[in-house]
Amino acid sequence: MSEPPSRVEKPAPGSAILLAHCPDQKGLVAAITEFIFRNGGNILSLEQHVDREIGRFFIRAEWELGGFLIERERIGEGFKTLIANRTGMSWRIYFSGERQRVAVLVSKAPHCLLDILARVRSGEWSVDLRLVLSNHPELAWVAEAFGAPFHHLPAGSRSPEDLEAGQLELLRGAEIDLVILARYMLILGPGFVSAFPERIINIHHSFLPAFTGARPYHRAYARGVKLIGATAHYVTEELDEGPIIEQDVVRASHVNTVGDLTRMGHDVEKIVLARGISRHLDRKTLVYGNRTIVFT
Amino acid sequence: MSEPPSRVEKPAPGSAILLAHCPDQKGLVAAITEFIFRNGGNILSLEQHVDREIGRFFIRAEWELGGFLIERERIGEGFKTLIANRTGMSWRIYFSGERQRVAVLVSKAPHCLLDILARVRSGEWSVDLRLVLSNHPELAWVAEAFGAPFHHLPAGSRSPEDLEAGQLELLRGAEIDLVILARYMLILGPGFVSAFPERIINIHHSFLPAFTGARPYHRAYARGVKLIGATAHYVTEELDEGPIIEQDVVRASHVNTVGDLTRMGHDVEKIVLARGISRHLDRKTLVYGNRTIVFT
Amino acid sequence: MSEPPSRVEKPAPGSAILLAHCPDQKGLVAAITEFIFRNGGNILSLEQHVDREIGRFFIRAEWELGGFLIERERIGEGFKTLIANRTGMSWRIYFSGERQRVAVLVSKAPHCLLDILARVRSGEWSVDLRLVLSNHPELAWVAEAFGAPFHHLPAGSRSPEDLEAGQLELLRGAEIDLVILARYMLILGPGFVSAFPERIINIHHSFLPAFTGARPYHRAYARGVKLIGATAHYVTEELDEGPIIEQDVVRASHVNTVGDLTRMGHDVEKIVLARGISRHLDRKTLVYGNRTIVFT
Amino acid sequence: MSEPPSRVEKPAPGSAILLAHCPDQKGLVAAITEFIFRNGGNILSLEQHVDREIGRFFIRAEWELGGFLIERERIGEGFKTLIANRTGMSWRIYFSGERQRVAVLVSKAPHCLLDILARVRSGEWSVDLRLVLSNHPELAWVAEAFGAPFHHLPAGSRSPEDLEAGQLELLRGAEIDLVILARYMLILGPGFVSAFPERIINIHHSFLPAFTGARPYHRAYARGVKLIGATAHYVTEELDEGPIIEQDVVRASHVNTVGDLTRMGHDVEKIVLARGISRHLDRKTLVYGNRTIVFT
């Protein structure tokens, strides 16, 4: 097989990205930006806002590591001591160029998996796609076409607990950072969900909260809606109730059958899922309560 | 007060518009178009489709009346005898240029009423806007600004039945063809609804079936949706469950407060309502079951 | 390599599809539908309109062939004699289930080709994808991943005329019905274009007529537009001036670099191109002058 | 005439808003936020980014004035001395609750003026709408309906220079902050434009840069586009070439006449213009070169 274009690695030293939230108080941005400036960092972008209804402060800041006085491994420690501990802050610092390890769970519909593998292989996302897991064998050809490892763990022959134990073993063995449910049709149990908090992204084939649960296109048809949609969201224990990352819609009409809606919906699903994944990979999402802050 | 531009009346004799549906069978379009052709009519547009899941035929046909051999008053009779009676057809024939008599029901929010009255006064819609009814006095200034008759029927001092009786008396007295609920915040009783079947259009401030009922923007905020929407639909006895005519959405983000969503939503509401009304006025809507066929 | 799902062939006898236009006159729809009805056809859908500015009649009609009295091969002849010859009609009759032979021309960008091959392989389009032609070797891996034949005809070493002669020989040898330019970066000469009238679909990476020609994303960035778009159109001799089939846009902002616009644009391009191709494959497009009628 | 709802004034002391840009260097955000923090200000929102292609820094920061140690009148002076002078910064500080004085220029089309006056009168925008100027008398009724002062300055009887002199005298006499061209059909001369730099907002009835100049809907029809749009932009000396604030589109089809496109376009125009005006009034726009930064 001929070679795909090699992925362009971002040149070291790259940048650091802070995502944080805490109760609002005066001086937070000043403290954070002074911390960056005093240590020689140049801020590339900063977005901050206060949700006044709940009095909470949210921030994303990215600064260049070239010339930054604290070495990469100790930035977190310094930030914790000087800023986070004093302010009750929930925070994470990431670094550009980190290649996240990704697993994709699928069932029988190929469109989202095809789209994801195409993006990975053509270098749009710099991720390490380690696993494709499925409860059905049908999509083996997709993984194979892109040279991705495919594991078929059938659901029927074992208990849900056994299935999840097998899945978790594979995911942990591959040190997975992000799990993508690309039209995976089984419901994840609480054990699975809690193993990857805010690190499982699902695509639901409706404009949530409309048509939660099964067969949304059939129900959209029956209700006679004039737009159909898709929603990318983080998975929580409650089905289709997790924090929304991205949504979009496409116009439908009375001439469209359930089959038409399904086909048209596939395109919205794959694009909305890809946008949700991109935001996550770019460290632009921050979950608080049941809402996702998506920085620009 | 200076004069608005006078409305351009469409020149007689105009056109006839057939809206019809019946169980599908061979030869329906041929029979209908032959009826038109044999009587000298020139078809301007024809849209027809068969919903194969339910085996039902739907059609909208418009033809020029100039040179048509049957006089306007007898077209229905002829059509009934030659076509409709043999096919179990539900049908209506309308004529271009008929000015429909319209009533608008409002409560306190002015944006939809302002938009409707602006369209009427500037000649976009050729309707006879006979009544603005409200359960509150606040929007009297809007009606007054456009010279529309405003009736304040307060809800508090009387029973819902009494209120509706008063409303119906006014509507019947004015021979109203179409009732528009332009953010009217009371629920209509079955007596009112059944008095205007498929002739009451409501704007609901959400993307139905998401957020039926009260305070949809508050609930959209709480759910953290990334799009907010509005839905124009015919009113049936079940709240927010009637056949949808038109929907649209606008992008929202985490920085938007409930107040922001409300403001942004107002623009979607007024545009979606206006599109729904336009389709109805143009005789482009046909209700079957809980779905609206909206011809192009 | 494991097997993709086998494509579901539509069951014979399927349906016939008429696309036609002619100067408007009375009785056209009646004549056409009577022709279908008298011969035992059941019309599944019919869309017709008259462009009154130019006095021209356009129609698409689809009817079931089951029970139709004229055999498939002689329908055209009958239609021509009874209808077309009398009315100066331009017309074509197609049959559902015909698998069109398709060639895709590409250069270096993989996203549209990946999307097309994914749709073909997963059975969304029932086409016979016979050739992928490129003036560069880079996308051989894409064709290979999906088992599509790839031909590399480099441009540099020969004259444009020679290159086109080589391309045309391949296309004719494969009896190609439809040529798709999936971000093919060379301009086709008049000889190529005239060999496939209304059968070459190009995707241009801008909202035409804005940013015709080269580097539209760079120019969109420089102009500071707030939406970027893509356009699928039939190719004519004038660059980027052919009849438009489909367009769509996506929102951009000041934070987006040219690289961001390019990435975001790729998603719009592939979806818009796919919609354009679908409409063509479904025999829902009809070109008149420089406009495309796209039936619903 | 009955009373519109009184506008809710934001409670003093409100907030201060900084809009600024300068060559990028380290420490800019830290310096700005320290200036705010040291003087007791609580930052409500901050958005900053660096355009790396041109090495330029852009910021919008809003902070509460309650408890701020510098009095409102001297904030600018302090900011200039401590920050701006050292960094070559272009900047402005605004205060929430400032009511801008607005003039609207119109010709004959009422839809944008109606929409603007409705928003002002119902309290959506807290502005002082001082003047409606027109080169035609037709829209006097609109201004009158909303109690807005209307001035008819006809173009025909005087030279363009005389007309502009008359307009500028009125605008200066009313101390106008913002001029809105609400489908004003004359071209402004350089003298007018330079009198209100970055303070004239025009709505153009196309998706710029497509269809600059006259009769865009006719040309959109002729080109057969599948989407029509509108663009709100700041006016510069070059017609339709100024920095874009907002754009949107609506889907069109082959059945739409020029008249249909015009009607459908009116809705996009009024909404896009209103969004552009809102961003400007909220001090969320910053012009650099020919691009508008529109903060979220």
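As written, the chain order gives the labels A, B, C and D, with residue 1 at the start of each chain.
Just so we're on the same page, contacts are C-beta pairs under 8 Å (C-beta built on N, C-alpha and C of every residue); 3 or more make two chains touch, one makes a residue touch a chain.
Treat the numbers as computed from the prediction; the structure is a model and nothing was measured.
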Review point. So which chains are sitting against subunit C and subunit D at once?
Key: A, B
Review point. If you take the mean of the Cα atoms for each chain, which one ends up farthest from subunit A?
Key: B
Study note, to complete from the structure: Whole-angstrom distance, CA centroid of subunit B to CA centroid of subunit D, is 35
Study note, to complete from the structure: Distance in whole angstrom between the CA centres of subunit A and subunit B is 42
**Study point:** Junction residues of subunit A - those touching two or more other chains
**Key:** 45, 49, 52, 253, 255, 296
**Study point:** subunit A partner contacts - residues on subunit B that touch it in the complex
**Key:** 49, 52-53, 58, 207-211, 222-227, 229, 243-249, 253-255, 257-258, 290-294
Practice item. Over in the complex, which subunit B residues touch subunit D? Could you list them? Key: 1-5, 45, 110-111, 114-115, 118, 121-122, 124, 137-138, 140-141, 144-146, 253, 255, 263, 266-267, 271, 274, 296
Review point. Which positions of subunit C touch subunit B when the two form their complex?
Key: 24-31, 33-34, 36-38, 40-50, 52, 251, 296
